[in-house]
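What follows is a short report on a single structure.
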Amino acid sequence: MLRFIIRRLLQLIPILLGLSVLLFAWLRALPGGPAQAALGERATAEDIARYNELFGLDQPLYVQYLRFLGRAVQLDFGTSNRTGRAVTTEFLERFPGTIELTLFAMVFAIGVGIPLGYLAARRYGGFLDSSSVIGSLLGVSIPVFFLAYLMRLVFAVELGWLPGSGRQEVRIDATRITNFYVLDGLMTREWDAAWSAFVHLILPGIALGTIPLAIIVRITRASVLDVVNEDYVRTANAKGLATATVRRRHIIRNALLPVSTTIGLQTGLLLSGAVLTETVFAFGGVGSALRDAITNRDFPVLQGFILMLAVVYVVVNLLVDISYGLLDPRVRVR
Amino acid sequence: MPTSAPVLEVEDLAVTFSRKGETPTRAVDGVSFSVAPGETIGLVGESGCGKSVTSLAVMGLLPPRGVRVSGSVRLDGQELIGASDRMLRRLRGADMAMVFQDPLSSLNPTLAIGTQVTEVLLEHRDLDRKQASAEAVDLLDRVGIPDPGRRLKEYPHQLSGGMRQRALIAMALACSPRLLIADEPTTALDVTIQAQILELLRELVVGSGTALVMITHDLGVVAGLCDRVHVMYAGKIIESAERHELFARPRHPYTGGLLHSVPRLDAGRGARLTPIRGSARDTIPWSQGCAFAPRCDNAEDDCLGDTVPLEVDPAYGTDRELRCRHPLQPARVGAGTSGAGVARAATGGSGATASGPGR
Amino acid sequence: MTSLGERKRDRIDMLAAQAGAVPTGEVGLSLTRSAFRRLRRDPVAIIGAVIVVVFLVVAAFAPLLAPKDPIAQYLLSEIRPGSIPGAREGFPLGVDNLGRDLLSRLIHGSRQSLLIGVVSTVLGVAAGMTLGILAGAFGGWVDTVVMRFVDILLSIPSLLMAITVSVLLGQNQWALMIAIAVTQVPIFARLLRGSMLAQRGSDYAVAARALGVRPARIVFGHVLPNSVSPVIVQATLSLATAIIEAAALSFLGLGDPDIARPEWGAMLASAQAYLSIRPWLAVWPAVCIIVVALGFTLLGERLREALDPKFRR
């Protein structure tokens, strides 16, 4: 198992290097190059020349790349054109919000999706089955931002049941420790702050979790349908095990294997969706910051955020792979 | 033949599969047989003849939807058809157990062998985990798995085919069942392993007084192990006889055909194998005559028209039953010793073991 | 949005394995033929096909079908902050915030949306197949290099990838299509490589090699034709993704800025601002996107099931 983990860690290296090359080249390829990108569109030729000299952009490309890599390893991606603050600082400040949101979405998608997919499969062809199949087809066909707007309109604006923007009630003057607002509230025992932060997660979280939910329902259902027809389930029944034991130990355990592999991929989906959902709900995470960076052509922020999000994505997938190895003994030996 | 009360009595068992929009098919039709303690019977036939469906029906393992089972299945006198799921679960694994054809797919790939053995013990016997795993070591040892303590922690994919089947047998025998059904237990294995597994079954099952039902298409298996043989065709039993009788003097042309399509060690050089004509698909419904008639050399006009009944074979006393109007005459089977030759070849010439369990 | 892309990604390997299950060229053909026979009797597939065909017809004859000019402005006197005229005589769905006829814009929008879907999918398939064939046919270091590159592309969540490309190429319809195509490339590259590897190891490919058939002939004559059906399935599903993803990019301000070409995604994105005044402005383009995406998805899913030996019976 340890060798499996080490091998997977080693496989990370070329991917991370490739990523850095890709985003390094990206900034170079932009019209006007990195100087223009950093100084903005109104920069004069003199400004650009001075900038190029200052940051070594007159050096050969490989030197520039190695410098970029050196700074990237120290999490230095320059400063935002708009705020003048370090890109990494902005990212770290906002990322906890996105983590809270994506976690909520994931828990929602898994918590609802797996039981629903299981029940649909066990009632194959029934009403619950057909409606969950149709629902999950619809779920993957809806543009996320439209769903988010619709939910906000209905539940926040019209009905007023839940807050429709921000991460917390503005009037609450909460203490910040980790920037995970819910966690901060719990740690400082500011219960209303924690509650308010949690309530603010519900609408964007459900909107963000809808597509993963639809996918998880489909995969769980298909997987359970496969597994119940497996010979080893028949063996388990032939052993006279209690229905609950057969279900838990032999059906669900094996049916969840394919579901668990997709959870890593869902992370990419959630990070993509966060850009859209956070924008709709004015939720102060990295997603809405990315959207602002697009609007303002804030290239250092775009470069740094996308690189850091890609690293997060790759690492989450690695963790999922490793946990899959724990679940399925066959993977370990391979 | 054993005289004690039978462990398993199957009477007029019928299984009908019906799918929406399709005409129902009767996979098993009016099958009756019984097995005494310590007795081994064989259910023999080509694939699709209903032998596996019969065994699943006995175990109550057929899917609940789209299947109708009628007739009577009694385990130690207790009726199983129509019994509650709870009751069946209490009996399965404890009083009746089953070994399946493909040992790899029949084992849960994500659970250690030990877990899969102990779960039967924990379910049916009053043991704690520690006792159960000690018992599991003992079981694996009994089925001839070397180093059982280590094997318990291994997963199915780490075991060889023969070892997997041994592990499955260990699970089936964990609670010393009264009845064991083995559905083609050796088909997926190498020939050398096949013999070992059959030998193991004989030792463990027959010695302990467990009733054994062997389901197979392989007459070699029957010859080596079974006391009594029921030959099935298209869902019905067409001939039943004591094993030696069947091999020496097959009466149904289908049985004869099966015997002739097996290579014989004592056949002269150049002797030909005669396959049965056609395939199992060339059949007619039993209600319109003998299902085997289209493939049968002996078929005559009266083989068609009405159902041919299963009757006591007039030529051989009460112990043989036959569903045929134009059976083979002993002279036509060739030298008469030829059938027995198969039996001897398959048992390795040890005719003595055959009568063992009855005594 | 990115959803379908992600969902498909995990299915690539399955599809590839499935292609490997098709034993020979001849059987492959009859498999495809029997698959289409099954599709014709499958009501769900028919619904999907009907949806797709209807929208294709609408797109083809848009200028004839649209009652009004999609970019002319009407009823301007009645538009004021907080009020946009609704349905009325001559404007069955009302007008948008700039007084343009919504129905005509939807009809014309089908052209642009389907075009974006088709072109970006074709580009993605072409580039992805090329990479996949290179990797699958040559193996060795070519395979390693190509697949590492594909892994790198896959390591950026797909919408972020599309944003990166789109920002680089600027705002026009080609940039939009290429940005979406780039997210499809790794999917098709992996799919093709996987199914080619499965085919290469198959008995008939080994037999052909043993008979001395030239490698190029094995690849293009035997292996490739058998890898086609999963690509068709995947491409059908990708069409749905592409259209949804185009809407997401439009929403982020990375769409096609040319007002002469109405497009559902852009219409939906700009209508969000008026959601509380006239939600229908957003709902109609959203319905169009959902229905078309659903049509392609239904068709693709059923096609996959029809081609998958596991589902047959």
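Per-chain residue numbering starts at 1, and chain names A, B and C are given in the order in which the chains are listed.
Everything that follows uses one rule, which is that contacts are C-beta pairs under 8 Å (C-beta built on N, C-alpha and C of every residue); 3 or more make two chains touch, one makes a residue touch a chain.
Quick caveat: nothing in here was measured; it's all calculated off a predicted structure.
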Problem set entry | Touch-based graph of the chains, sorted into line, ring, star, complete or other | line
Problem set entry | Selected pair, greater C-beta contact count between A-C and A-B | A-C
Seminar exercise, completed: Cα centre of chain B to Cα centre of chain C, whole Å, reads 54
Problem set entry | Euclidean distance of C-alpha centroids - chain A vs chain B, Å | 55
Seminar exercise, completed: Chain centres from averaged Cα atoms put chain A and chain C apart, in whole Å, by 23
For this session: Mind listing the chain A positions that touch chain B in their complex?
Result: 230-232, 234-243, 245, 249-250, 253-254, 257, 327-330, 333
Seminar exercise, completed: Residue set of chain B touching chain A in the complex reads 59, 61, 85, 88-94, 97-98, 100, 102, 105-112, 119-120, 123-124, 155, 157-158, 168, 171-172
Exercise. Within the complex, which stretch of chain A touches chain C?
Worked result: 14-15, 18-19, 22-23, 26, 29-31, 137-138, 140-146, 149-150, 153, 157, 211, 214-215, 218-219, 258, 261-262, 265-269, 271-273, 275-276, 279-280, 290-291, 294-295, 297, 299, 302, 306, 309-310, 313-314
For this session: Flag every residue of chain C that touches chain A in the complex, lowest number first.
Result: 1-4, 6-7, 9-10, 148-149, 151-152, 155-160, 163-164, 167-168, 170, 240, 244, 247-248, 251-254, 265, 268-269, 272, 275-276, 279, 282, 286, 289-290, 293-294, 297-298
